[in-house]
Amino acid sequence: MSHLKAVASRTLQLALVLWAVVTILFLMFRLMPGNPMAAYIDPTFTVEQQQALMAQFGLDKPLWEQYFIYLGNLLQGELGQSFRYREPVAERIFALLPNTLILTFSSLFVAYAFGILAGAYLAWRRGSAVENAAIPLVLMTRAMPEFWLGMVLLAVFSFWLGWFPAGGTRPAGADYDSLWALYTSRDFLSYLALPALTLAIYSQGLPLLLMRSNMLDVMKEDFVTMARIKGLSNWTVVVRHAARNALLPVMTSFAIAVGYQLQGNVVVESIFSWPGLGRELVNAVSASDYPLAQGAFLMIAVVVILMNLIADMLYALLDPRISHA
Amino acid sequence: MTANLLSVRDLKVSYRVGNGHIDAVDGASFDVPRGSIVGLVGESGCGKTTVARALTRVIADNARITGGQILFDGKDIAAIPERQMNALRWRDIAFIPQSAMNSLDPVYTVEYQLNEVLRRRGGLSAREARMRCESLFEMVGIEKGRLRDYPHQFSGGMRQRVAIALALALNPKLVIADEPVTALDVIVQRQILDQLRELQTMLGISVILVTHDISVVAYICDRTVVMYAGRVAEAGPMAGVLTRPAHPYTMGLRNAFPDLAGAASGTLTPIDGAPPNLAEPPPGCRFAPRCPFSIEVCSTESPPLAEIVPDHRVACHRASEAPVLREIAARTETWLAHA
Amino acid sequence: MAGTRMRSAVTYSNEPLVSLRSAELHYRVGGALSALRGRSSVVKAVDGVSFDIHRGESVGLLGESGCGKSSIGRLLMKLEDATGGEIVFAGEPISGLRGAALKCYRAKAQLIFQNPFDAVNPRFTIRATLAEPLENAGIPAGEREARIIAALELVRLPQPAQFLDRYPHQLSGGQLQRVVMARALILQPDFVVADEPVSMLDVSVRAGVLNVFRDVRDRLGLTAIYISHDLALVRYVCERTIVMYLGRIMEDGPTEDIVHEPLHPYAKALVAAVPVPHPDQSHDPLPIGRGAPDPRNPPSGCVFRDRCPRAFDRCASEVPQLRQIGTRKVACHLF
Amino acid sequence: MHDLALQKPGLVGRMFRSLKLPLSDPFAVFGLAVYATFLLTAIFADAIAPYDPTEILYTPEYELASDLRPGEQGFILGTTSLGRDIFSQIVYGTRSALIIGITAAFMVALIGSVVGLVSGYFGGWVDAVLMRLADIAFGIPFLPFVIVLAAFLEPSIWNVVLAMALVLWRDTGRVIRSQVLTLRSRGYVDAARVCGSSDLKIILRHIAPNILPLSFLYGSIAIGWAILTEASISFLGFGDPQSISWGYMLQDAFASQALAKQAYYWFVPPGICIILVVSAGFFITRGYENLLFPKLGR
């Protein structure tokens, strides 16, 4: 029972965080210099027309009133109308969300599978030449700008070798019966490959380094020494005891990584013209389409906060010291 | 079949530290007769824990057994290949660690960890292992319902009982207990010692009990081995060593220990100074710098571990004068004058 | 320094120097985030503890881990504020002390720590460690060196000058514990709490530290509390002992009486369990049930009743009060 | 305090020593060397760079010097499509990279350390408020936040610094707080309180010196973050068009079809520079970790 309570209290805390982020977002978009409508008000409009437009978006009311309207709308899932597309922001964002999630999760799965195995291997081979060479290399991948890596991969595999398309999610003119058909098509995979690889190369460093240093820590624990005194096989000691314990924090870092990745996607999606939330955010900001930018930002923030919560819960779930308190 | 289950002869263990090395154990010799509890006693850094671990041959990465023999059941297990040694571990030589909390894997239930040993090392079937788990828990006095619990769900004393159950799982001949009750409160400490003694008698096994506490030795051990600075100072039957100590260090320890059974007005007497730095041990007897009885030869020559009365060995140049020294050592001034 | 402060132990006045009146220290365990790591509840580390200590008296606080003995030490040092009850020092409640008054109290009441290696900043030389209280008390820089040397001599650290520029790791445990004692004594306090000062030390050096403690206390006429889990050590330094269990006092009386004839069932078990360094000793089972005290979940009524061999109905329903029985006070329905 | 100071080197020397630069670790030394090289390049950029990085150059034949390959016409790394010298841009790029990196790192380390110290030492409601603020900062997606900020404010390299100061103190703050919590439970901190030291004195004498290396460690990570973020922002077109940065160069290359033209000489060098500076920070960090947490081993 106490677990439910703990989860509830953490959820409540994060709901407050979400509210704070929403408020910051509102203030950013309302208090920043410049009339948000400026880009969309045709100079030929009459003053009445301009005011009508302002009223349509609720921008003529006092700030506090706008804030409560905004909060009320959010609670109903209403994110407003995009200036540019003249369609509900929510619809547009939910249409783009799957693309972003597919890119994020596919790259992270690859990154974590590789990172965990390689990290465990490097811990096992600690002090070897392989490890001494690998660690700086891994650190270098963490130091790479993701978009630069994307550029290099594009230049080599797309423009030079021509193995993969340069951007988008589907060939021009291609049509699919359903989203499912699109996502399972071979074309889609070839479009997904480069951006996912880019993100995966960048992301594998975290689980790798974490797994390695956890393994090294755990290998020094008394229970690992005891497992050796018990005469258990090396495999049992390393895999069942050391790796099993080292894996815990790595698993929870996955959820956090999803949040981080979503932020990083902003640039990579732009490079590969991947129609996701991040690219939409960049385009909307460039085009001063504030409702859309605000909506995309909010969506990303929601996922980030949600993932922080999931990380906490995952930790509590996977560690018997907490789940069986 | 020899009378001694274990005979350690001139054991040397050294640690690599920086560019040099430290001989944490420098020629330790003692015997463990079958069916007895032997207390390995000494202060921190005297090498007692290193000896205990060396007997399992699972030692720190930077440690190495550099010499001597460990005769277990007549076979020198310091010299056998690792594969043969591994076969002996836990089936013949089991271990009870100081902190059961850190020595049990936190992510598995106690039952899993018992099963792991019973099945992987003992070759029991799943059904046999389950029955054995239950009977082991019964032996150490824990309800079998708690088998499914995780280590952190037990109290310190209970966890130590789990560690005992784990050590007895495969009916070993020798159990090495490394400070098994040090972290516990006096009441639980006493209860665990009672349990250990009861099981040892019932199963007829031998136990090496590593401790810094003479009272623990006095309470439970048949024999004792007193270590100082990597060497054995004195070894023999517990009562003999404690009531008629022949090494000045043991005599000094007796004076330094508060005794609830003694008179209220007694004065404790410390042994002045501190144990030597093992990176640069003094020549000759390592206790000589703190010893009120040291003579010239003490600082030049290491005293051999010699039998003074049957079964009681001492490493002291003045061992023959022991009865006299004992009387002088009982006076506080002896130790103060030296300081 | 010692000369001016020399005082015979007969300045016993009727007014106690230190009094605890139903002192409480309750913790709420776990906030929202740490609630994920376990249940959140209230732990009563100290639960309605009352006792008086007269000037010049030495009292042992005896009990197992979690009994609240160290918490009482922290309360007395104002490292923790009592959540209930009152702590009075020299007629003055310490809860309200602020600013200059607090500084003054700090100079009069001092603590000797359990682990000497933890109690001194590893980055500071012995000189800097000992100078800190002097700085705080506003002792001019010119006088400090002499005071430091005098304090080190007081704790019988031979040739104190050679230690001044050393760092803690260059000292042995016994030497360092003397430095910790010197720091506690350097401002010439009236009252000292020693929290297991020898439990981290090896047996051969323990006696030296204990002797210095006893000696200094007598010479300066200090009032002292000695916190320990070891009755044999308490007996060596204290004429009076208070036995605690799960935040409450079980028995309070002259140490020798408790050693020879403990009244409270818990005190009986505790005395019987004290290890003795002799081959010939009783191996009878202890008069106490198995199990361990759970501070988060103490039983109703008498906190000891779940392990008590003589518990009866009333023990579950009614909290036994501390009552005078002959020379001592006992909290048990059997008396 | 005085007699303490007498026997030790001056305050600067002491602070430098308490930074505990990891000079025994070869990678950390490499990192420090990279920092030094880039620092010198930034300072002497005017002397090193052959051209003004924004100047449109012509060949001796009075043709626009565009898309020249490395070595052609004496341009070390070739030219951009608009006829600018890539090498000079790289050299000047170190300036904005280091200015942003160092100021942002300083802000992050400073704010994070102060928050961590105050929060960890005083606890109670101060801690609760600061940690909820950290929670909020953790809920803000960083890069989108910078983008929005950069779009609203005048384009400037300081936007990145501002955004980092506003958001990224969270990691440093939390780590330092937990470190302070450990330190506060040390006996010598209690001892200082018992012997009458004020909170401020305890923080300054007993706690701050112990967290300084940790602040420095997080500072060196923040340098990398700042440079990467600035590059991303510039790449997306929200940077300061007036200042030449490596991110701006990459954006220029991307927009000018450098990928299709296979002009590796254009977009590879700025990337390498970013990797070098950022990983230099990581290497120093790693040296520190071995120093601070030796149990991790090598």
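For the reader, a short list of remarks on this structure follows.
The chains carry the letters A, B, C and D, assigned in the order they are written, with residues numbered from 1 in each.
Operating definition for what follows: contacts are C-beta pairs under 8 Å (C-beta built on N, C-alpha and C of every residue); 3 or more make two chains touch, one makes a residue touch a chain.
Chain by chain, the UniProt names read as follows: A, D = ABC transporter permease; B = ABC transporter ATP-binding protein.
Since this is a predicted model, take the numbers as computed values, not measurements.
Annotation: A-D is the more contact-rich of the chain pairs A-B and A-D, by number of C-beta pairs in contact. For chain C, the chain whose average C-alpha position is most distant is A. Chain geometry summary: the mean Cα position of chain A and that of chain B are 55 Å apart. Between chain A and chain D, the centres computed from C-alpha atoms are 23 Å apart. Here the spacing of chain B and chain C, counted between their Cα centres, is 32 Å. In chain D, no position touches at least two other chains. In chain B, no residue touches two or more other chains.
Shown for chain C are the residues in touch with two or more other chains, of which there are none.
Those residues of chain C lying in contact with chain B across their complex are 64-65, 172-174, 202-211, 229-233, 235-236, 256, 259, 269-281, 283, 285-286, 288, 290-292, 294. Of all residues in chain D, those touching chain A in their complex are 27, 132, 135-136, 138-145, 147-149, 151-153, 224, 228, 231-232, 235-238, 247, 250, 253-254, 258-260, 262, 264, 267-268, 270-271, 274-279, 281-283, 286, 295-298. By the touch rule above, chain A contacts chain D in their complex via residues 13-14, 16-18, 20-21, 24, 28-29, 32-34, 126-127, 135-136, 139-140, 142-149, 151-152, 154-155, 158-160, 213, 216-217, 220, 259, 262-264, 266-267, 270-271, 278, 281-282, 285-286, 288, 293, 296-297, 300-301, 304-305, 308. In the complex of the two chains, the chain B residues touching chain C come out as 43-44, 141, 155-158, 185-191, 194, 212-216, 218-219, 238-239, 242-243, 252-261, 264, 267-272, 274-275. Within the complex, the chain D residues that touch chain C are 1-4, 7, 128, 186-188, 190-198, 201, 205-206, 209-210.
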